[in-house]
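Both complexes shown next keep chain A, but they swap its partner, so chain B is in the first and chain C is in the second.
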Partner chain A sequence: MNTLKQNLPSIDAIFPYIGTVLLILGGSYFFPQILGFDYLAQQLQIAAFLGFLALGATLVILLGHIDLSVPWVLGGAAIVSTSLVGSGNPALATLAIPAALIFGGLVGIINGVGVAILRIPSMVWTLAVNSMLLGVAVLNTGGFNPKGEASGTMIWLATGNLAGLPVAFMVWVGATGIIALLLKKSAFGRYLSSIGYNEKATFLSGVSTPSVIFAAFAIAGLCSALGGVMLAGYANQAYQSMGDPFLLPTIAAVVIGGTSILGGRGSLIGTVGGVLFITLLTSILSVMQMSDAWRNIIFGLIIIIMLLLQTLRRKGS
Partner chain B sequence: MRNLLRINQREVIAILVLAVLLTLYLATHPTGPNTYVITIWANQCLILGLAAIAQFFAVIVRGIDLSVGAVMALTNCVASYLVIGSGFDMTLGIVVVLGVGIACGLVNGALVVFGRIQPIVATLATASLFVGLALLLRPTPGGQIDYDLADAFTLDVFGLPTALIIAAMVIGLFWVPLRRTGLGLGLYAVGSSEHAAFQSGMPVPVIRLSSFALGGLFAGLAGLYFSFVTTTGDAGIGPNYTLNSIAAVVLGGVALRGGVGTLTGALAGAFILKTIGSLMFFSGLPPLAQPFIEGLILASAIAIGGAGVLRVKNRLEVFGK
Partner chain C sequence: MSRSEHPIVRLCGVSKTYGATHALSDVDFSCFGGEIHAVLGENGAGKSTLMKLVSGVIQPTSGSIEVDNTITRLKGPADAISRGLVCMFQELSLVPDLSVRENLMLGAVGSGLGRLDTGVVQRAQNTLAQIDGGGIGMRTRVADLTLAERQQVEIAKALTRDPKLLILDEATSALNASVVEKVFRLIREERDRGVGVLFISHRFHEIETLADRVSIFRNGTHVETFDNGAYDYGAIISKMVGQRIDDLFPAKPSTAPDAEEVLRLDGFGWANSLKDVSIVLRKGQITGLGGLDGQGQGDVLQGLFGLLKGTEGRCIVAGTPVSITHPKQAKNPKLGIALVPEDRKTEGLILDQSIARNLELAALGTDGINASDPAIYQPFLDALELKCDSLDQPVTELSGGNQQKVALTKWLALGPRCMLLADPTRGIDVKTKTQIYALLRRLADSGVAILLVSTDYEELIHLCDETHIFYQGRVARHLTGRDVTAEAIIGASLNIPSSAETSEVANA
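And then the complex of A and B:
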């Protein structure tokens, strides 16, 4: 009985799913096509892009840190992969995805060095790393949209269908599954949350806390890079500042999913729910053809309401 | 004197760095130092400076405000409707603009104090709300600010840029007296240890709310000053200022863990950050390399500030409180 209870997701993690169902039901009242399979499958495909980013962000936030370098790790990975494909050399083209992922991992390690060794607050350090990446990108592309194109594999990953479901969604589920296993079953997962709770105590228990921080930031960089590769496949190109609109929704998705921004407490299941909720909310607001202004206002209000519900529930219990 | 220097070590370093950068800037500027050049420089610096002060009031009580830029955008758009017409209209307009700023700060504060939402998340959500309201007012940039009034605030008085006079007044007439009040002390107490402050009988919720209201007021002032400089309303100015204000307070020696740093430091940090940008512009570096160098300087400045931990003998000390 106890193990059953432990394996059930917490109520915080269920909130965004309830919200998602309410959104679908409420939206379908005005737009019946929302209940259609095509629309929902398309939403799952779009959700996957945000999903990769939020997956990495969850690990970093569980540590009690934050990664603001997401936009240009995403943009950089997209530029690396599309320019390798665009070089016309088939050998380089096959390296496109691995090279982009290595790029993401390396930036993640740079983030980790600043946070774990130099002890710079992650919020400032990753911001500085982000602006350096922006600088490198501008220097390389001359401020124009980078030349290059996506490879067939990238396009298939981003837009393909397998057994009726979008490939992007399935890759996202697969990646989430692997990292969920890592969190549940490995020592790394336990250290991650315990650093989020109390880094000093974790260090005193003999855990090499810097290595855990390195690993978490490197995985986060990998996830952001994967998101960049997918997005480049979706748009069949890389473009300047393609990552900027993703930064805040990523954090919002993680937090709505019940992960504490202070670290230590949270779950990947919740993050997945948060991603679905935010994607659907954005999509329904644009289906309703609202002006940018109202979209922003409603987006902000709904996130505030979700957060207030979380704290109200915690106060009540 | 020596004590005074030691107590304000971080600010002294920041101001020295600023002096060196400013000298470099004036030396490399093609037209050389003259009032016009310094006035333009001071205006740009003061906008970010006011935004950094808004951020300072969030950071000092161990919070962070991601809505600084959004409040600036909203107040900028409000100002583009109201700060024009007769003298009375404009006075009323400015009061309304600053009132909007304070109201935004209080909304943030209420969500944090009564809603018990972490500041970073609460302001993330309200930023979206405020930008939405700004977009309602100005879907596209437009509107106008009274030119005479704008000139009065953005030119110079007897060769001294008005922006620098305003900065000096904020420090001398606002910050120094505030630091001596109960609220000034309370800000540091809550930022250092909320528990200890509460158990000493301090009204923690009131202090937090006032701190957010002051942050909103300064974000409103930043939006208003931005309006004076550009004389138009634009809802899209936010994102840059939010992130730069965080970088500015850190450069100015304000610790993100709360309770350490001063408003003067935050202001100096903002001036440093802007001066680096202006320095790039006239330095003769290839324009495309400038964003990278700017990022590199920001990163190394922060890394040098953090390098002290490498000398710490007892590993436990690096974890802080």
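And then the complex of A and C:
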């Protein structure tokens, strides 16, 4: 209802921002350059790659499902776009980005079919889809890094600057804004979290729940593909398993952002905070030049602490 | 059939409460060896609670249970079985994914720590052969058996436990008459060996042929115990019914049997659960569907709301034949059908969401309705006197009655032509009940057709203009006007011939 204040960001969503600020302040104690504009702008650029993935993942997790096909939708989209550009045919090169997005959307729809119609648990179905995409990619490239390069547009999207801010960050904020508007203003957004809380009751309220699940997975596929295009532009190439390191940080960013892994409760604004937090944490840990082993342990510990604090606070209230 | 001197089990002043509901209050009850003791009562009378207490599944809230004249606390089903109290439950207790053989050995006497007694299987096979179950393969997965075969295995399994007291809760509900007769012979043999039998059945004639003594339960109290044959059907039924409340219900307007038809079902059927059901809903009428649990009443509502695949027969809404395949289609103003489901906590509402969000969910995306306008809900919330701090409060914080008000209002705001209600007052306090009854009557007066499934025959008598009683997927009887009496409803629910015929049967 219009009079209700339900869409104000909840404390859950503000939480990761507080964490981010603390990280910056804490990090700057050791490395003053962290407070510099260049460093922060670079972090925003890097955050955008994770941000696209987490944007799509938020929709799926709000539904109460999960999308584990993120790595190879990202990898596949990168391969599709760079191969088209690398073909040398300018007509095909202009199709690079749309083709990658269509690829992502199609995989999303396949995920939707498995989850909404065949009723296979999303965790299993999307894992299988991920594995099959990996197989197709290896068949296609013979196991070597795929040939090809990024187009000028892709490189600009990933590394360009506009009015001093990274283009990637602005595209991310724009995409997040559009989807946030969709969630807030349309019935789709309402259905999404209702299904996450209780699919049966939502269905019995006369909602076509399969089409909502379809749409969410399709949007998630699009977002992962966009992330792949960006990352290919950033690296100026696609490479095997380029998406693998992103899967867990994506889910971590969504959950730290206050979205319940069981579905229903959550927000995009929180996910943005979660993405910023995870990106900065990774960056600061690598700046500190400690061994990989310790970096992984501390990364895991801090995520657990964040989640514990969220849970404790919620229980307390 | 000499009855043992001391009761095998005796309940003294036993009560069992779940939260605010009294499942059993202050019950004294004994059962003896060498006697078949039937327990009769309506749904919710406390029969199943009694069985669960005696078989150790639950513990009494107060009072004591004596086994063989010593006060005993039954720690669990295993404890009860070791004392010879063996229960065969109506919610079948076999593990579906294990074979028949494995199920028979599961928890059998003398097994444990991997030692399995295969003698049990041989004895069970002998028992099965006596009750037409000889063809059941020991290696068959239980999930692949029919319901009747599963009941036969259950009976055989129970008998291998060497019971002193055998508890049969609807043990024969899926068996046909000739098998039932064989099971009865077996039960009588057990009795003649001195075993006590507690027998629950909704089939009157079974109790008449089998029982030595009969106990009647009503609303969690033990009404009376008497020798079989001491009373006729009519007397037994009125003992099951008890007294009534009249001012709970709004006054019924004079019926208009020729009112405009809103919805008509012709020969409606679904799989094996629903056969040849024909019902007419008219403008301004409240039509009741009654019967024992799970006789197909609920399936009618689900079918009308597009939840069942492959229904047979014709459905005509406002003069047009329709085929309803999805709730979204049913709620479309063209059809205007709304369903308030049976379980408000998991089906009717999203408990973690706010009242406002729950109210909007059905109206969202419906043509010509602005779901976000609180004004479309307010009149109903006022009429039902919803008690809440604000509409932003999560539904989970409301009492059961207030939750049901939200579940009702959510659909009323759509202005439905036809309301389907599945037991809307179950587990709700009396005050809320009167508010809901009054609202339903007002809705009917405003032209809505209401179809109400109820397990409470008071509602069928005093709220509904006419009532269809279901028995095994069919309309056993259609009651209107003065024919709608508690006796007629219970009689039809148990598929006993109507009152005129009953007296003939009793005299015969």
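To be clear about the criterion, the second predicted complex is superposed on the first by the 311 of 317 C-alpha atoms of A that agree within 3 Å, B and C clash if a C-alpha of one lies under 4 Å from a C-alpha of the other, contacts with A are read in each partner's own complex, and residues count from 1 in each chain.
Heads up, the rule we're going with is that a residue touches a chain if its C-beta (ideal position, glycine included) is under 8 Å from a C-beta of that chain, and two chains touch if they have at least 3 such contacts.
Note that the coordinates shown come from a computational prediction; the quantities given were computed from them, not determined experimentally.
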Touched partner set for A:Ser131, first chain B, second chain C, both or neither: first
Chain B versus chain C as contact partner of A:Arg265, first or second or both or neither: second
First (chain B), second (chain C), both or neither touched by A:Tyr239: neither
First, second, both or neither for A:Ala187, with chain B first and chain C second: second
Partner chain(s) touched by A:Phe203 [first = chain B, second = chain C, both, neither]: both
Touched partner set for A:Trp156, first chain B, second chain C, both or neither: neither
Chain A residues touched by each partner, larger count belonging to chain B or chain C: B
Which of chain B and chain C A:Ile251 touches, first, second, both or neither: first
Partner chain in contact with A:Met123 - chain B first, chain C second, else both or neither: first
Residues of chain A that lie at the interface with chain B and also at the interface with chain C: 200, 203-204
Residues of chain C touching chain A in the complex: 305, 307, 326-328, 330-331, 339, 341, 346-354, 356-357, 360-362, 364-366, 371-374, 391-392, 410
Interface residues, chain A side, partner chain B - complex: 66, 68, 114, 117-121, 123-125, 127-136, 138-139, 142-143, 199-200, 203-204, 244, 248, 251-252, 255, 260-262, 291-301, 303-304, 307-308, 311, 315
Partner chain C, residues of chain A touching it in the complex: 1-6, 187, 190-191, 193-194, 197-198, 200-208, 264-265
Chain A contact footprint on chain B (complex, rising order): 64, 66, 111, 115-118, 120-122, 124-136, 139, 239, 243, 246-247, 250, 256-257, 288-296, 298-299, 302-303, 305-307, 309-310, 315-316, 318-319
